[in-house]
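Shared chain: chain A. Partners: chain B in the first complex, chain C in the second.
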Partner chain A sequence: MDAVVSLAGVTKAFGRIRAVAGVTLSIAEGEFVTLLGPSGCGKTTTLRLISGFETADAGDIFIAGRRVNDVPPYRRDVNTVFQSYALFPHLSVAENVGYGLSVKGVARAAIRGKVAEFLARVGLTDKAKAMPRQLSGGQMQRVALARALINEPKVLLLDEPLSALDAKLRQSMQIELKHMQRNLGIAFIYVTHDQEEAMVLSDRIAVMNEGRIVQLGTPEDIFERPGDVFVAAFVGDNNFVPGTVARIDGSTVEIVDFGGTVWKAPLTRPVAVGRPVVLALRPQAISLDAGSDSNGRGHRVAATFRETIYVGTTVRITVALPGGHLVEVQGAPAGFRIDYRALRPGDPVAVGYPTEAALVFDRP
Partner chain B sequence: MTRRADTSVVLRRWRGPVLVFGPPFLFVLAFLVYPYLTVFENSFYRVADYVVVRDFNFDNFERAIGGELYRRVLYVSARIGVIVTLITLPLAYLLAYYAAFVARRWRHLLYFLVVTPLWTSFLLRVYVWKLILGRTGLVNNVLTSTGAVDEPLSFLIYNQFSVCLTLVYILLPFFFLPIYTSLEKIDPAYLEASADLGAPPLRTLIRVIVPLSMPGVITGAIFTFCLSFGDFVAPALVGGPGGLMVSNVIISQFGAAFDWPFGSALAVLVLIIVLAVIALGSLAEKKSAGAVA
Partner chain C sequence: MRGLLARRSLARLPLHASVGLIVVFMYVPMVMLVLFSFNGSKLLLFPLADLSWKWYAVLFADHELQRSIWNSVIVIVAVVPMTLAVGVPLAFALDRYRIPGAAFIEQLTLVPLIVPGLITGLAILIVVKRMGIPLSLWTVVLGHSVGWLPVVVSQVHARLRRFDRRLEEASLDLGANPWQTFRRVTYPSIRNAILGSSLLVMTLSLNEVAITFFLTGKDNTMPMHIWSMLRHGITPEINAIASLSILISAAAVVIALRALRSNEE
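This part shows the complex of A and B:
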């Protein structure tokens, strides 16, 4: 077994709140795994169970094959990059970075060499003597990273490390993090509630909700084959149309929504006629045609135009189905086959999509 | 025209601050600055036939510093101040550490228990030690009635030991409070970061908690030293002849000896020493606070 960290049925409750409710997860050497989920779903608690700041009520936690449930944090071979950085305010940047080696009794000269090496890695050689309060947010972030990585842990835990940075810096730090992780070959367990960040960084994503992992897979798995409505809604945008299974025709399911519109979707798992379901359709998968045009590809349903929102790189168009349900269409401004600028509210339009793009879930 | 407008603007701008800060400023002036100036002035005069003669000279200071007796009292007082500070420090630190990091649900009760004695009379709290340490006090009663000793122990009271013991008890809250305050301010994330980087609890204490609480320790040490150095109740009640301190000498100069100028000179010396300690302390505090903030 070459998992660096594995959790087996780990549970942790605070009073009546089940923060982590039976999490099972195994992380391979050098892997980048992200815990993704809404606020309060138990991401931080899961990390703290691994680092040892919380003790599990039930289940087992292994680090490098050793059960560590009863091992205190300072004897676990993991390191953490804290959300608030938690740089020691009374120590210089170099002393902060060298702290881990120093408390382990490494010789001074050796510490100095390693500190210089890791400061160079994060590009802060000239800040060695600075105090933490003299650094910018991005610089503190790098120091926190160097301070953790210098110990060469089996696995590095990062709790929303970029959330305090502005959008631009965040993007460049994401790339830096990813490169650093590849070069060092250390496994990262990364916590975020930003699904785009998770996509960019991860080898695998564990989507969490209410203390459980609801889906575990590669970014493509999660995005293209979400396991349930929650994942489909949390990862990327989606239109959800509730309806009932009306007909099954070979490999295609026909669904009738509450307004009587008929939708088609691929039959990916067994469903029975009459079953209440939800059809999910990404705004990017939908094309828009004039109401009269009938030679579009894929399945088409009639709708009326509502409004256009111009977002620069994309345009978001909202249309209404006969039953009143709203559907969002998204695409590059030049990618539309009709002149969306000429549309007036109430104009008839046709919503078209390739049948394979639709997903069907049980209605929760 | 413009001048009148200017005046009213100035009036309006200063009316608030003057109303708010005026009274306390006057109070300090009348009851702190003026008496100190009087003491300072008197220290350069002399006494003849029980009358203060306004005859400028440095004799009082020569007598205070040059005289073996007074130099010794100053030295003994300072030494008691240092000893009390050094003994109270670990006690206060342990107590504050316990309250801040270990006690959890009991921390408020503990805080309350440490601070409550400050509400009772200072005199009473010193007097209690007379009842504990005296010849027929609690300790001797227990020891003689159990037969542990035949004669009541006499070294328990009326010496520097009893003065130190009493002052440690009296001043513990003054040392505890600033340390507790600075410990409570420490972000628990620092302690977790330290553990995360491999430091066992004792290491974290030495490398993180102690440095971050230094401002509180320094403040507490200044309080404790200055208050014990200048105390006169404890030496008066439990000090005896061997436990005499500089404040007792000063009081006797203003009372029985009726030598206000010499008493003033001693008071000025005490003030200088205390101010020097405060200045050094604040300097150290600023340095450690700068590192902490």
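This part shows the complex of A and C:
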């Protein structure tokens, strides 16, 4: 078995709250896996079960093929980058980085060489003698990373390591993390609630909700083929139109919403006529045409213009369906076939989309 | 705006005045005492007619006084480790374990600070007598340890409360076992609290009279000896020993406060 970490039916409760409810997950060598979910979904607890700071109530945890349920954190071949960095305030940068080797009794000269190597890796050679309080957030982050990686763990655990950094720095650190992970070939298990960060970094994403993994797959799988309404709503933007299955025509499903509008979607899972469903449609997949124009491609439904929000790289336009339900359309300013600036509230428009872009879920 | 500021500084006048008075009342007697220890003449007259070290020379020739200083040192050397040995683990227990009524226990440990030393001394005397333990320097050590234990507990506990437990997790995560983690991460951050409270206990014990009065046997500690010397009147010799005592206590307190302040950071 080449899994570096695997969880089998792992459960952990705090009092009456089941933080982790039967998680099964296997991470291959050199893989970058992200646990993605809203706060309280159990992602951090799952990480702490792997690092050994929590003990599983049920299920098994394996690291490099060895069952580690009863192994204390300091005997597990994993290292963690903490959200708060948790640098030792009384030790210099070099002493922080060398801590793991020092407690294992590695010779001083060897530690010095290794520390220099890993400080160079994170670009902090000139900060070796600095104290943690003299560093910026980004630098502390790098020290925490070097301090964990110097131990050459089988797997590195990262608990929202970039959440304290500002947006620009976060983006450059994401790329740096990804490169470092590829170069070292160490498996990373990364916890975040930021779906974009998960997309950028991961080989696979495990979307978690209420202590369970609701979907596990590549970023493309998760974004393009979300398994349920929760994933569709959590990852990227989506319009949700509740309705009922009206007709099944070969590989196409027809859905009638509460306002009487007919929608079309591909038949991807067995549904029956009369079933309450939700149609999901990404704002980016929708195009806008003037109400009178009938040359648009794909399926078209009638709506009325509500408002425009200009955000620079994109324009977000809200339209209302006959039943009053709002739908958001998003696109590059130059990508619209109609002049959206000329639209006035109440103007009739046509909403068009390629049928295969729509997804149908059971109504929760 | 201007009027407001003026009114505010006017309102501060009583404050400044009272601070000034406090300083005068606190330090003028001490300064006088130190000055008179260098008084060459037998008369307590100011300004000093004749400066001299002779009273310090007299001190160093007084064997009984030296014995009492030595006794005080013995007490301190025993009391400081005693209070640490009980106080540090107690502070950890209060911080780390969900003990039912932990807040009550903590307040209970602070009681000796509030109760007058006379009462503490008397209470321990009653117990010690009941148990048939003869009075000696060791009963004094017991009394001082009970009296100054709250200093250690409150200081170390205050530091532990501010200590980031995630640092311990980071240490364990990096492969340090619990003992290494204590030695390399937890201890360095409470070291100053331990040092500071030790020095405070030291000064408090050095100057303690009330508890000692009840619990000592034949052996006198330094402040007790000074007390007994007073029966022959305030001699310049007493000024000299008191000056030395102020010097040592002040040095210890300055170091202690410095250690405890770096502790706050």
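For this structure, a couple of remarks:
Basically, the second predicted complex is superposed on the first by the 364 of 364 C-alpha atoms of A that agree within 3 Å, B and C clash if a C-alpha of one lies under 4 Å from a C-alpha of the other, contacts with A are read in each partner's own complex, and residues count from 1 in each chain.
Here is the rule we use: a contact is a pair of C-beta atoms (placed from the backbone, for glycine too) under 8 Å apart; a residue touches a chain by one contact, two chains touch by 3 or more.
The structure presented is a predicted model; accordingly, all values stated were derived computationally and were not measured.
Superposition model on chain A: chain B and chain C are shown in a clashing arrangement.
With both structures placed on the common chain, the touch criterion links A:Gly227 to neither chain B nor chain C. When the two structures are aligned on the shared chain, A:Gly22 is found in touch with neither chain B nor chain C. Once the two complexes are overlaid on the shared chain, A:Pro322 sits clear of chain B and of chain C alike.
In the superposition on chain A, A:Met131 makes contact with chain B only, not with chain C. When the two complexes are overlaid on their common chain A, residue A:Pro242 makes contact with neither chain B nor chain C. Looking at the shared chain after the overlay, A:Asn151 reaches both chain B and chain C.
Common to the chain B-facing and chain C-facing surfaces of chain A are residues 51-53, 72-75, 78-80, 82, 84, 86-90, 99-100, 103-104, 147-148, 151. Of all residues in chain A, those touching chain C in their complex are 51-53, 72-75, 78-80, 82, 84, 86-90, 99-100, 103-104, 147-148, 151. Only residues 51-53, 72-75, 78-80, 82, 84, 86-90, 99-100, 103-104, 131, 133, 147-148, 151 of chain A touch chain B when the two sit together in their complex. Note for the complex: chain C touches chain A at residues 164, 166-167, 169-178, 180-181, 184-185, 188-189. On the side of chain B, the complex with chain A involves touching residues 187, 189-190, 192-201, 203, 207-208, 211-212, 288, 291-293.
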